[in-house]
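Read through the structures below before going on.
What follows is a pair of complexes built around chain A, which joins chain B in one and chain C in the other.
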Partner chain A sequence: MIKLIEKIEGEAKLNFNFKEGRIDFVDIEFMSTRNIENILRGKNAFDALVINPRVCGICGHAHLIATVQALESCYSNLKLSNKAKIIRELTLNFELIQNHFKWFYLTMLPLFGHKQEILKATYPSQLMGKAIAIFGGQYPHTSYAVVGGVVCEITQMDIVKLEHYISQTSKFVEENLVKTDSEIFLTCKDADALLDYEGDLPDILREIKKEGFLEHGKSYDRFISFGENSYFKKGKSLKAKVTHNISVLHVKESEMPSSFAKNVSFKDKYYEVGPLARAMVNKTPLIADAHKKYGDSIFSRILARVCEISQLLQHSKELIKDLDLSEKSYIEPSIDISKLSSSGYSAVEAARGTLIHKVEIENGMIKNYEIITPTQWNLSGGTKDKQGVSQKAMIGLSDVKTAELVFKSFDVCSVCTTH
Partner chain B sequence: MKKKMRVLWLSAIACNGNTHSFLNYPYMEQFLDDFEFIYHPVIDSEYSLEDIVSKEIACDILLIEGAISKEFKRADVSVVEIIEKYSKIVKKIVTVGTCATFGGIFRESGYEETSGLHFDQEEPLKTHQDLLDKTISVSGCPVHPEVLVNTLYAIKKSVALKLDNFLRPKEFYAYTVHNGCTRNEYFEYKVDNHRFGELEGCMFYDHGCQAPFTHGSCNKILWNEVNSKTRAGLPCMGCTEPAFPRQNLFSTKKNMAIPENLPVGVGKRVYLTLAGISKAFKIDRLEKKLFDD
Partner chain C sequence: MEKNSLFNKLSSRLDELSNLPKLDDEVSISKLIEEKGFSRREFMSWAGAMTAMLMLPASFTPLVAKAAELADRLPLVWLHMAECTGCSESLLRSATPSIDSLIFDYISLEYHETIMAAAGWQAEHNLEHAMEKYKGRYILMVEGGIPHAQSDYFLTIGAHGKTGEQSAREASENAAAIFAIGSCSSFGGVQAAYPNPTNATALSNVTDKPVINVPGCPPSESNIVGTLLHFILYGTLPALDVFNRPKWAYGLRIHDSCERRGRFDAGEFVEEFGDEGAKDGYCLYKVGCKGPYTFNNCSKQKFNQGTSWPIQAGHGCMGCSEPDFWDKMGIVHEPLGDRLYHTVFGGLGADATADKIGVGILTVTAIGIAAHAAISLIKNPKE
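Then we have the complex of A and B:
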């Protein structure tokens, strides 16, 4: 049967094949594309900083950071202040956080039969939007990160505001998501202990257990994460065995016959990306414990995504302490872009996982641009013998409703996929 | 229970930026007391997209996000067909954002005849002329949440909004983005040594700022209630205007050292005369750092 999966920043068509009452194979189809890569060709390279955030309304900031880093990788002697690096990392953190709130309260809750909690989604995500706007002027769709740094200068008074937005958001987490001190939640190493807490997250985790969903959503137990920064590590995890020596050069995109989306593989294998992948590579104790007990099921996937909210809030507080406001926000590149012919790439961790941008510049103009989005990794649609991560995660389920839950546990983004 | 206004939020060729900008509206609780979505890209609704395209659901306002082409389909039905069906029954149509109004970035996405509902950039279209009286445009990439929501309240209260030539409410689009920018003095007195990463300076002279000739309230009502692009130090990209996105967005196009695009309504000769006089000021305060030791 064919089902249109809606409200994933667009739609996808899933064609379910059943065998003896269980899902045997799922074909995933995206019905459109917006040809961003074509739009970019022939334009001034810096214009990509304005166009690319418009790939996606919910994770456009990650596209900005990926763009600026891809462009910067084209230069050979570019200087970037530590301050600019920290500011970029902060704003990207804030985008990840707002995304996870929206996903949990708008997408996940209804799948467990609860009412959507619109205000619980918008209140904290608006605070994170304000935090980005202090630096970027607005959210969504700022282009404040430019080659050489960031356009803004910030003051101690801006930092005060910023700290308040972060504290208010932490408070929201403590009063709603997991009702305990953030410190306790962040140092918790036992996934089962979480089930004894009050809060919207423990409620959902308890329901997963009660409904017998603990086996649901398991896939290859194969994770990858390329976007390195002061918090996330680069690496892959195969059945909890982590290695860090991986290269983007082994990432391949290929056309799919039935869909506008392209497949993405690493050394010819499909990998899961996103918060669970990052936590596996980072060996976050709580998530490692969940994974040990419940594998790469929806339990671990949901927990990892929500847990990242608290981790990134905490890490952002630390990052702010490292900011040296006397440093420059922007250091002008020594060579003008119009004299630059080069190529480069970047990999950053967006809300849904590794985002890769590749660019080729000729005299400052874009000759070629390629974008590989996180959802492409997770939703690569393979054949029956070689299935994509989310396809495999749905195999064996007995109904389409549960399959939709598993599918959406990957936090699918249709607009990104159909860039 | 009071009757809520029923709204259909339809996305065409879009990035969902307007959807997420809307979610930043600070008084969402109040809004949801007064309006309900028969369909929205992320907020749960009574009807599915399949219901929307296959049936005719009662509705008061049609919101369109994204560039429009008859070739682009939602749930297997052309967006133009969906728009035509609902535009007959609604009281008002609102084109949300620059794509739905002028075509915007996704005008170039390669679909057949892609444009806004009534305009292909600044060119008025011959199609859908019967809907002109019903349409209000709230351009911007993305739209400012307050501009969208307050326009919806104007419809609810049957306020007759004055519209400009592109059907945009003058209440929000009669201003230029330049109005209220904290960098205004550098513009007024022609202090033209802006560098990125500083509180000082005006991006109009070298870095492509389009604020003096872009209509919008960005610096009047601010974004996320705290800031604006130009205040932060990012040039205005002219995202509310028909020509968005222009090219070479980070540099100012000049003819013989004079910016090609001048503030709205300002003639070149007067501008030159005035610039010459203004430059004579040499205001020490504006040549130095703002927070001087």
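Then we have the complex of A and C:
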């Protein structure tokens, strides 16, 4: 038995069981918790807007958007302007983009024996952080979204700045990640054609092929994504067959005896969430092609995450065109929160996958709050007979180093997981 | 005269430091910065900004530049406790040109869990090695609250399964200076909010060494970097306020140098988000701004390389650099002055955590501010 301590964003402990030189079973344990759900109980409902982003410093914004949507779902006739909707979506896009850069340059590259390129990670994520700060005042940990809209009153000048940050980030992608015009990268439908380009992403993909890693990291080929917006669709994909008719009500959490994290399943089955899941549900041509050729291996998983950077940059540009600054930023809810007793939920696509918040309010106070984070989906620690997604992905590998690569291809966040 | 003696004092401190061995003989910080494509001019303009932030005269700029270049004489150990990693995030996107992130990355790679590539046994070994090799010389920065006493098992870290409390105490033992980065390690933070399920507490409660608090959720990157530079320059602890916060950063209230202060004085308040006042940048007190009770320099330093800060974006200050702000500064969108009628925890309000300090002073100020806000409502012709 060998132990691996996963260090990114808090810690997870992995116990590897080997049988005849191959990994037979991996036990995943989380050893720390902060118990945020417990702290929320009995607090004023709006205070959740300040507390919840602090669940995670990396995807805190997704927690803010999930909180505000969960609270809004408690009202029966709440109005939200198109402007507020677009602004919330934009800032969430920026958070996803900056996260993917950091994951690729800080976590993935060193695992392939490359030098960790800190500046390549920080430069584009700084730009995206600034883009969020235009609306939110700061990043991480903004609370600019409130029930009824957003508090910022942006001007045309802010839009000019925003467009600049986006174009600078696109330029970084074209000069470093995939050295070609973004347009060409976005319309590419052939995963193998990508290997002919220069850039940090094709380098890694070529290495995966050369080292014979193409079979690594395959799991159930079962994907799910709940967070709907103008770009992402809700649905599940089973061996590339997509259905959109799914309900959050079938999502269940269950306690684990040896860990502070809870397992998450949909209709009693474990599903993978994250960029690959979103691309499968959205039927993105390039990722669908990679999946057809290489299944749900690390090749497809890495490609899907990095590819999302360009897709979201492109989509953000289109969203900005739809932004009408003369609309209202905030529309006051018709009932005061202190008179509200209700319950609701929200589902948002965070960098690592579907994030679900469920809330119960009694006279404006939180009676119960449940948070289901993306890493809980991917890292559910099942039994030998019924393994979690990442557990299954590591079975059969012969060494811990490769297992670490597979494990981290899911972009793990343990502070979120145990919250 | 006084200026001269300080200049001489800092110079001799830096001369002393330059005699210490470097982290790596092959690399120097000035070379590193040059390699990454920053010109000397860019570096000096960065140093100039830092000098101003540390409230030193412009003639001290060469000293601050030298201090930055000597940062590799005092390696940095950064520990993660119960937290969200937001403070590291704040640091990772510090000012352009990314000179301070460069310096931090270079000197702190000995042990910064989030950005280091090594994991598990290797990482733990690196830490032990760094702490032994640089005994008495390293700077310790701790991020996160610490589950304490019988609840310490809520934070178990590392290959040896140590508790966070143990690690923090051990690392504090031989550090040259200890900084608690962020409100969590300064005061316990979000996990210490009522009912504090994991019994999380501040770093200063688990070690008997002096701890300098750099609170904020997250603190701005410039406060983190400034704290480090200050220590390199002076070699002593900075002047501190009652909560052990450096006065150069936490000496004034948000309210004192707020860009909307004129609106407050004129009695122009945002009555509701999205109203005409909100569009014109009126004061946010009535929609819950806690700026009058919060000591920090956000209004001057701002966030994300000076892009913006919460009040500029139209959201009131939530008081994140004050102790236990989760419990004492709520409700988020209501002025603290309204507390007398409507409080958190079903009317119990701050009494739910009455054993903690500070409420008394805050309430007195609150009444004054609330009175002003109430009068303004009558005087405002728009009403």
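Here is the rule we go by: the second predicted complex is superposed on the first by the 416 of 419 C-alpha atoms of A that agree within 3 Å, B and C clash if a C-alpha of one lies under 4 Å from a C-alpha of the other, contacts with A are read in each partner's own complex, and residues count from 1 in each chain.
Throughout what follows, a residue touches a chain if its C-beta (ideal position, glycine included) is under 8 Å from a C-beta of that chain, and two chains touch if they have at least 3 such contacts.
Not measured: the values here are computed from a predicted model.
Novice: Judging by the criteria at the top, classify the pair chain B and chain C on chain A as clash or fit.
Specialist: Clash.
Novice: Taking the superposition on A as described, I'd like to know which of chain B and chain C A:206 touches: first, second, both or neither.
Specialist: Neither chain B nor chain C is touched by A:206.
Novice: Mind working out whether A:365 is in touch with chain B, chain C, both or neither, as first, second, both or neither?
Specialist: The answer is second: A:365 touches chain C but not chain B.
Novice: Touching A:404 in the superposition: chain B (first), chain C (second), both, neither?
Specialist: second
Novice: Regarding the shared-chain residue A:31, is it in contact with chain B (first), chain C (second), both, or neither?
Specialist: both
Novice: I'd like to know which partner A:293 touches here: chain B for first, chain C for second, both or neither.
Specialist: Neither partner.
Novice: Just which bits of chain A does chain B share with chain C as contact spots?
Specialist: 4, 6-7, 9-11, 31-36, 38-39, 43-44, 46-47, 49-51, 54-58, 60, 102, 106, 110, 116, 118-119, 121-122, 125-126, 129-130, 132-144, 146, 148-149, 151-153, 328-330, 332, 415
Novice: In their complex, what parts of chain C are in touch with chain A?
Specialist: My answer: residues 36, 80, 82-90, 92-93, 96, 98, 101-102, 105, 113-121, 123-124, 145, 154-159, 161, 164, 189-191, 193-198, 200, 217-218, 272-274, 278-279, 302-305, 307-315, 318, 320, 326, 330-333, 344-346.
Novice: So in the complex, the part of chain A that touches chain C is made up of which residues?
Specialist: Of all residues in chain A, those touching chain C are 3-11, 31-36, 38-39, 42-44, 46-47, 49-51, 54-58, 60, 102, 106, 110-111, 116, 118-119, 121-123, 125-126, 129-130, 132-144, 146, 148-149, 151-153, 260, 328-332, 365, 404, 415.
Novice: Using the touch rule from the top, collect the residues of chain B that touch chain A in their complex.
Specialist: On the chain B side, the touching residues are 11, 13-21, 23-26, 28-29, 32, 41-44, 48-50, 72-76, 105-106, 108-110, 141-142, 195-199, 218, 223-234, 237, 239, 245, 247-250, 291.
Novice: Inside the complex, what are the residues of chain A that reach chain B?
Specialist: Going by the criterion above, the answer is residues 4, 6-7, 9-11, 31-36, 38-39, 43-44, 46-47, 49-51, 54-58, 60, 84, 102, 106-107, 110, 115-116, 118-119, 121-122, 125-126, 129-130, 132-144, 146, 148-153, 155, 161, 328-330, 332, 415.
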